[in-house]
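In what follows, a structure is listed as structure tokens, so that the remarks can point back to it.
Order of writing sets the chain letters: A, B, C, D, E, F, G and H. Residues in each chain are counted from 1.
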Amino acid sequence: MIYCAGKTLDQVRTIVAALLEGSSDILATRATPEMAEAVMALHPAVRYNILGRTLAISRNPRALTETAIAIVTAGTSDQPVAEEAAETALLFGNRVERIHDVGVAGLHRLLARLEQIRQARVVIVAAGMEGALASVVAGLVARPVIAVPTSVGYGANFNGLSALLGMLTSCAGGVGVVNIDNGYGAACLASMINQL
Amino acid sequence: MIYCAGKTLDQVRTIVAALLEGSSDILATRATPEMAEAVMALHPAVRYNILGRTLAISRNPRALTETAIAIVTAGTSDQPVAEEAAETALLFGNRVERIHDVGVAGLHRLLARLEQIRQARVVIVAAGMEGALASVVAGLVARPVIAVPTSVGYGANFNGLSALLGMLTSCAGGVGVVNIDNGYGAACLASMINQL
Amino acid sequence: MIYCAGKTLDQVRTIVAALLEGSSDILATRATPEMAEAVMALHPAVRYNILGRTLAISRNPRALTETAIAIVTAGTSDQPVAEEAAETALLFGNRVERIHDVGVAGLHRLLARLEQIRQARVVIVAAGMEGALASVVAGLVARPVIAVPTSVGYGANFNGLSALLGMLTSCAGGVGVVNIDNGYGAACLASMINQL
Amino acid sequence: MIYCAGKTLDQVRTIVAALLEGSSDILATRATPEMAEAVMALHPAVRYNILGRTLAISRNPRALTETAIAIVTAGTSDQPVAEEAAETALLFGNRVERIHDVGVAGLHRLLARLEQIRQARVVIVAAGMEGALASVVAGLVARPVIAVPTSVGYGANFNGLSALLGMLTSCAGGVGVVNIDNGYGAACLASMINQL
Amino acid sequence: MIYCAGKTLDQVRTIVAALLEGSSDILATRATPEMAEAVMALHPAVRYNILGRTLAISRNPRALTETAIAIVTAGTSDQPVAEEAAETALLFGNRVERIHDVGVAGLHRLLARLEQIRQARVVIVAAGMEGALASVVAGLVARPVIAVPTSVGYGANFNGLSALLGMLTSCAGGVGVVNIDNGYGAACLASMINQL
Amino acid sequence: MIYCAGKTLDQVRTIVAALLEGSSDILATRATPEMAEAVMALHPAVRYNILGRTLAISRNPRALTETAIAIVTAGTSDQPVAEEAAETALLFGNRVERIHDVGVAGLHRLLARLEQIRQARVVIVAAGMEGALASVVAGLVARPVIAVPTSVGYGANFNGLSALLGMLTSCAGGVGVVNIDNGYGAACLASMINQL
Amino acid sequence: MIYCAGKTLDQVRTIVAALLEGSSDILATRATPEMAEAVMALHPAVRYNILGRTLAISRNPRALTETAIAIVTAGTSDQPVAEEAAETALLFGNRVERIHDVGVAGLHRLLARLEQIRQARVVIVAAGMEGALASVVAGLVARPVIAVPTSVGYGANFNGLSALLGMLTSCAGGVGVVNIDNGYGAACLASMINQL
Amino acid sequence: MIYCAGKTLDQVRTIVAALLEGSSDILATRATPEMAEAVMALHPAVRYNILGRTLAISRNPRALTETAIAIVTAGTSDQPVAEEAAETALLFGNRVERIHDVGVAGLHRLLARLEQIRQARVVIVAAGMEGALASVVAGLVARPVIAVPTSVGYGANFNGLSALLGMLTSCAGGVGVVNIDNGYGAACLASMINQL
């Protein structure tokens, strides 16, 4: 896995080229379109998710798991983090269910998707601002919840701190928290759990 | 109004005695049972709320408002703050509806009380930990919501900071926030609104 | 309502186009002039407030309320937040009174406008730096005060934190606080109160 | 589950008595010895863990899971949190493996216990100070790691903040974090995962 | 000068006894009544201010300055800090004018004392909560203002942080700030200025 | 006085033009060279300090005070703040003595300039990083010290926070602190003191 | 080494008894007088430093190093931390030079002891409040400086944070910082350096 | 030594030119390639390290020390800080051993290089994110460890705060910490120790 933020185009190209000499799958996060272009010149089958800013090269195709990871977001601004998680989960061989735009300010939208979420084996919740969605989902779904605070918001959000603290102090049980905007980390943990 | 925290028994007694020479209503918050006893020796009709730690002396009885202020709490530990708000609201002549223990981890309890909350003219929500209840109520009820973060919690709660930040960055509209544990201040604002 | 910060020109255009298929009013905040231009190409009657960075499309004209929301600012740098609040309040059908540049360092300017403020039904105070104006107004005017800390300032202002904490710990009663720079949220709450 | 901190002896007794009228298991955390004595007067089979400050009443005995939850601590001061987790996990029917005193300052102690940890299905790591144990364990063990920062430390530890931030920013994958000192929450999540 | 907080009775006694062998004035701050008693046994003319917790031994009497230091407080809870400042200023030979209870929530009380404040050569303002009084006084009085944030308040006050930040970011000119509750330091600076 | 940060070229030009219709002196801080050029087109005698980013228009020339304000800096990076203070002090009619580059890491440089500093009536100390210079100067010079923390530094400096906290908790008496980088505010206060 | 804070009398006694079965030296920090008494009952030659709250049992006497560690404090309140460092250094076989009460507010006291400090091989500086002493010593002495921020102070000191940040951002080279009040850690590092 | 951040090309050129008139070695940190080019025009033998952003001009060549400073990094993103340290150490005449990419998530890589690290006289550890490498190295190597937290990371890393707090609260002895990203400072201290 390559974390591209703070790396140059050349560094990313060099690292990917080196990894291509091995045979494992490759995942790059926070990749710019320029990086995507550079990597595509190195390999015939690169998957670039422009919203999630991920580059994936799958060289060990396998059947997806029967059980799914649900990836739930509060609003459209949380989708980049959710897509980073989705691409990671997919590359690791997990079936993924995306449930978008079900923030707690419009509870009916969440309730309408509840059955779908409950059928997953593990749930990732990505939410910014006050991050209340993690608590509400954990209260409604008896599954492990991996909460990803996002930096979506402004002012007293302090770049994701309000969602982070909210998720850590959640009144609902069964919630594990990862770093702000860390869709990749959430998917690593969810994949481990899904494939136990 | 007298904020008793940090005051001595003697100071509270002296201030109340002075106020009794006037004719206005008297409210003391954060009052210990000892203070209650001392004040009861000064006046025949003192109302002490042991949970809310309030002392009220009403000398200008009036009919309660027809419209009500709903006071909603997430858990039993939030009740002291809620009672401080309730006693304040009552002394100011407002009808009060208490809705307790409807935190978001058990959403069905909140949904069961929704009609009652919707009939209020203004809603006070007292919640600690991540404070998500304010967002959920504001999403469900088209009324002004006064959110009071409480210091209930530990660790990353940082004495109420997580609930405070969560309420300030709420994804739902129509929420005004007061200081941590400030039941009195929430009731002042709610009373102004209820009596407009 | 669309929060444009962090959205692309295309995303804003797409969302507005979708909303135009419905019939409700549309409000976009933190909109750049480029976004304004793009939206104006979609609809004949778009109102763009360059200072407040708001785009409003009113499709359900109604008479303004008789009672007014007063919007009070400490200094000229607080006006973008005040204008965001004003445009929101207007779109929701409220009469608005703007009172600018009455910060506490020049108290006479505030006192000169006091009667005008007192005639409003609810008051929004937008102030940065130490945010003292909220306390002073709430002490002088027996109306609900919605306080909006602004990020105006530098150094120990910490992007609006000093004003935020000051407003939350105000020594005056009847103050509800919204997020830093959240003119939209202040107006939502004020409008609910004004139209009770 | 009852969180006893901030509750009186009477409140705990009353809540337990009420719960005893139902038939579910009962767990009280942060319980003082006095509370333990009071509860023991209410029921013949109360299990009190003085180190973990937990009170457990198991009324629905079941066979423990075959797979285990490993509970790993950095130092002896982390044991109260670990015991809270252990008692919770046991009451929920999980087999528990305790691995104590394997902090990173003496890496050989951790390496000596590695096989035992690897045989667990999920790992709880409780560590204070800089909390580095979570990263090291997650790097060595391909299992979900639930990290519990503890408030053990002083000065720049800021009551657990250093361990919390360290665990959230762990360079190793597969780590989910719960609140400071939240052994109960870690065990809830670990139990869900272990029993999938 | 002796800062007694964190010192034992014996340490204070020993330090005072040693200083008494010299001939300079002695000032002890944060002194308990027990310390006062112990010091009174060492010297015939000790002045103890129970509210300000100061012990003063003046051995070099001088005429007070003609110009005065005004010491202005927002509320009664700020008086201990104000008294620490007053006793310090007096021992240094300054005339002192106390103006109490003129917080901005009741602006008329401040305006009623304005002439008295304006006659001082330098003004100390002690205020907790949001500390707005410093800005308002500095806006009204063309004198150097020494602002002392006090730890009076709770919640988002964070032990005086809100007043500290508010005073540092004051929109009014001519304000210098000292540490939270540092009445002694404010008086040192004010005395230097008054005696220039 | 005009604080130019966050203002456009047009806004600055308009404000200056309006002020020029009056007769008072004009000072603009944080002014870019472009703003300087624009203002110079409006008035024949504009003084622009490129280091201090100040624009001054003096229309009421007066003799400088006999007593001086010493402006002392720790390093060359603190000079912009010092120049902002110097220009402000000069416009207000104060004689100014600049003492640069006397940070505590090279104490001999400070000691060599001590006599010069002692001859001032009031001292401004501008220092970033740990801001220790304020304490050392206040210990050596029996004059009021106005301490200006600067944002010079990185990492644990947190944009001036380390210097700010250091100056507020100075072990030396007679220090008043202003906001981070607030050369203007320091000079306002120093000028008031110098001209008492 | 045993860190006694948060341990019971019994736990300390048990740990010491176990260690006494081996043959290494024993050091306990943050030990109360009661703990000292309990340990003295276990061994004939226990050294208790009441100021430093350390218990030392030396069983492997060795000659002290020829080179010394200088331990320098700003004020008397820093001595407990300095004594913890001194006892640790002594037990590890280092010669120790104590230089007390040389804080920067009285620079002449420091200059008078400079030669003594310069003869040490490594210097520990313990200081609270703004912690400026570390910078000044490092500027004057060409030796490694181990800086220990102490929690001495109040208000904006935030329990040692101001000294910690000040020492980390020191403008002088050659300074390594340890945790707040961590005299033990400072002496460990200084001893390693002294004995290279 | 010149800290180039925040300086202009001209300022750097001027300072270097002035220093070249003396005869001491010159080191510039945080230097851009443009600055490097400008300085190379002034002197025939400039060493520019593009990764470490250092400019070194050695005019007093000496034999390197026999003992080495080991510079150990957790990941490739920490190399700029490590190179700043390496260039500083080299200019001061120290032999340097670089050990890269041995973060704790892959402990075997660290263990494979352990002998090399142990042969150094002093060890610099540069690590971002949770900074756990400092604790693990200090536990394994009986040498002074100078820990440099780097700003590598995102979210709850808070620009290096998580690594900084983690290193300060390290459970291993013998660790001294310098400012975030301060490779220069770490090398100054390490060089002093290495050359004792």
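As a working rule, a contact is a pair of C-beta atoms (placed from the backbone, for glycine too) under 8 Å apart; a residue touches a chain by one contact, two chains touch by 3 or more.
Predicted model, so just to flag it, every value in this text is computed and none were measured.
Novice: Once the contact rule is applied, which chains count as partners of both chain C and chain H?
Specialist: Touching chain C and chain H alike, sorted by label: A, F.
Novice: Farthest from chain B in C-alpha centre terms, which chain would that be?
Specialist: Chain centre farthest from chain B's centre: H.
Novice: Quick check: how many Å separate the C-alpha centres of chain D and chain H?
Specialist: A distance of 40 Å separates the two centres.
Novice: Between chain B and chain D, what is the gap in Å from one C-alpha centre to the other?
Specialist: Centre separation, chain B to chain D: 35 Å.
Novice: Rounded to the nearest whole Å, what is the centre-to-centre distance of chain B and chain H, using the mean of the C-alpha atoms as each centre?
Specialist: Measuring from centre to centre gives 56 Å for this pair.
Novice: For chain G, what residues touch not just one other chain but two or more?
Specialist: Only 155-157, 164, 168-169, 173, 179 qualify.
Novice: Write out all the pairs of touching chains, ordered by chain label.
Specialist: Every pair of chains in contact is listed here: A-B, A-C, A-D, A-H, B-C, B-D, B-E, C-E, C-F, D-G, D-H, E-F, E-G, F-G, F-H, G-H.
Novice: Mind pulling up the chain G residues that touch chain E in the complex?
Specialist: 77, 152, 154-157
Novice: With touch defined as at the start, can you tell me which chain B residues reach chain E in the complex?
Specialist: For this pair, the touching residues of chain B are 5-7, 149, 151, 159-160, 164, 179-182.
Novice: Using the touch definition from the top, list the residues of chain H that touch chain G in their complex.
Specialist: Interface residues on the chain H side: 1, 121-122, 142-144, 146, 164, 168-169, 173-179, 184-185, 188-189, 192-193, 196.
Novice: What residues of chain A sit close enough to touch chain B in their complex?
Specialist: Going through chain A, the ones touching chain B are 74-75, 103-107, 129-132, 135-136, 138-140, 153, 155-158, 161-163, 165-173.
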